[in-house]
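Consider the two complexes below, in which subunit A is the common component and subunit B and subunit C are the respective partners.
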Partner chain A sequence: MAARVLQQCVRSLARPSLRLCPVSAALRAAVAPAVGVHRPVSFAADSRRTRWLGQSRISSVVVLCRQYGDLPPLTLETIKDRVMYVLKLYDKINPEKLQETSHFMKDLGLDSLDQVEIIMAMEDEFGFEIPDAEAEKLMSPEEIVQYIADKKDVYE
Partner chain B sequence: MTASTRSAVLSLYTRVFRIARAWQAQTGVMSDTETERRYIVQEARSLFRQNQQLTDQESIKRCIEECEARIEIGLHYRNPYPRAMYLPPMGLATQRGRRLRAQQRLRKQAKPIYLQSHDDT
Partner chain C sequence: MASAYLTHQQKVLRLYKKSLRHLESWCIFRDKYRFYACMLRARFDDNKNEKDMVKATMMLKAGEEEFWANQHPQPYIFPDSPGGTSYERYECYKVPEWVLDHWHPSEKAMYPDYFSKREQWKKLRLQSWDKEVAQLEAETSAGGVRTEALPPARKEGDLPPLWWQFVTRPRERPT
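This part shows the complex of A and B:
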């Protein structure tokens, strides 16, 4: 994703200057005004710092990455967990009977109005709009996960 | 119910939900905004379920028009509640004899399209 590409760029840029200015605050101050943050920076900074330290091949304590307030990247597992969680919260679905391949209309006994409500809940959860033409074809949790993975470019 | 009316009805349903998601109350008070959002969602759910079983093309079209009218009026006046209407002439006369049928006819005629699904008075 874009955040990972930027991290690679910063890593490659910062390597020669690592010895010179071992302070990440300088970099952060430089890029902070240029970035529009939507999430609290502290939360993103913590998660990013721990992941960065685990991934980096530079053996230093300094964290050299842009602290964007971005969400952690999606994986198929996380998408599936979130979709199932939202579906379990819906009151017309029985959580015990819910499987990944259960069809909304045939297995779970919902109708098209309920399916519309479910797709709206998915839109709220993942934060992007799903157009009507494609929304009415999504009839099981598996299809929803596939569709979101397509739209968000999540490959595994 | 043809495929076109089905897709029209479902797109109206999504449209109402999208409006409810981004609704702001006219008063500016946060609790009013929440109340009105919940009202819009609950009203849409109940009215759509109530009219779900209709099979007559005429009445389906009337319900679609009712939905569109309520959306337009609600967006224009920034008020999701149904717009009040006046009683027709002789609307509250007592139920006696000949006046009853004329009264009912007048009332049905005077009922605007956006109140079709409501059964009061």
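This part shows the complex of A and C:
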């Protein structure tokens, strides 16, 4: 309910901004609160007029909604790009030979300890833990991408 | 995982991973962590070709004891993993799919395509249920179920057992 009252106040403030310059300054001064000295009133009216003129070019709709912070949404392409980027940074992998379907042990000649390190790098990159039971089965970048997409509800 | 027991390799890999994570909690600066991580990897690599399983098990036990002695009191736990800050936070919002059947018809009319497809899926589920149960009963050993792992579909054109639960599972992060 307070939001509705606030919205009405905002609308009443924003309404004069829809009018353009021909409106007389006297009207603006009348709208402005009655301050004692004459000059500050006119100055205030001027500043308010210029401010409203500036605002009249922009739409003055204020939507009161909560804004939470979050990461940008993941897509399959971004997941794949990030996974390949991290893998190319790993020094035991030859970046030319790396494909999406290349198996870590058979094609790239890596060790199981290397695979653990790769999975840990993926956990650090995406910010969530991959349990050991499922991590030991992920043996190619494609499987990693599918697993992350499964966990993060991407194109489910 | 095939059975409830871990192989020696799996135990070694788990020790390696958790020791690296605790090392990361101790050495917060990345270059220092990298240095000690490489030292730890060298230690693991020296003994990885041990063929004598007795000696390998003794080394694993010594490694676990060393890990226990040097573990971090407050290791970094990811938010979504057990013990983390956001573990099971959205569990209360994960509504089961049978709730959709209890919607009012006016609400269901807002999504006609989805609900018509849903009727087809439910028919498919009814048809495949007997075959799934038969497959599970046939594949369960005499002593009862050992693991939670479900077998895949064996025959062509058959659906894997208890697929409905998996397909209609709630999202990890319900909106």
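Throughout what follows, the second predicted complex is superposed on the first by the 88 of 156 C-alpha atoms of A that agree within 3 Å, B and C clash if a C-alpha of one lies under 4 Å from a C-alpha of the other, contacts with A are read in each partner's own complex, and residues count from 1 in each chain.
One rule holds in what follows: contacts are C-beta pairs under 8 Å (C-beta built on N, C-alpha and C of every residue); 3 or more make two chains touch, one makes a residue touch a chain.
Just so you know, these numbers come straight off a predicted model, no measurement behind them.
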Check: Should the superposition on subunit A be reported as showing a clash between subunit B and subunit C, or a fit?
Finding: clash
Check: In the superposed arrangement, which partner chain does A:136 touch: subunit B (first), subunit C (second), both, or neither?
Finding: both
Margin query: Under the stated touch criterion, which partner chain does A:151 make contact with: subunit B (first), subunit C (second), both, or neither?
Written below: second
Item checked: subunit B versus subunit C as contact partner of A:97, first or second or both or neither -> neither
Item checked: Partner chain(s) touched by A:88 [first = subunit B, second = subunit C, both, neither] -> neither
Notebook entry, point to check: Of the two partner chains, subunit B (first) and subunit C (second), which one does A:113 touch, if any: first, second, both, or neither?
Noted result: both
Notebook entry, point to check: Which chain, subunit B or subunit C, is in touch with more residues of subunit A?
Noted result: C
Checklist line | Clash with subunit B, by subunit C stretch, listed 39-47, 93-101 or 147-155 | finding: 39-47
Next item on the list: Please identify the positions on subunit A that touch both subunit B and subunit C, taking each partner from its own complex.
Entry: 111-113, 116-117, 119-120, 132, 135-136
Notebook entry, point to check: Given the complex with subunit C, which residues does subunit A contribute to the contact?
Noted result: 111-113, 116-117, 119-120, 123, 127-129, 131-133, 135-136, 151-153, 156
Item checked: Complex contacts: residues of subunit C adjacent to subunit A -> 1, 9-10, 13-14, 16-17, 20-21, 41, 44-45, 48, 77-81, 84, 171-173
Next item on the list: Going by the contact rule at the top, pick out the subunit B residues touching subunit A in the complex.
Entry: 6-7, 10-11, 13-14, 17-18, 21, 45, 48-49, 52
Item checked: Contacting residues of subunit A [partner subunit B, same complex] -> 111-113, 116-117, 119-120, 124, 132, 135-136
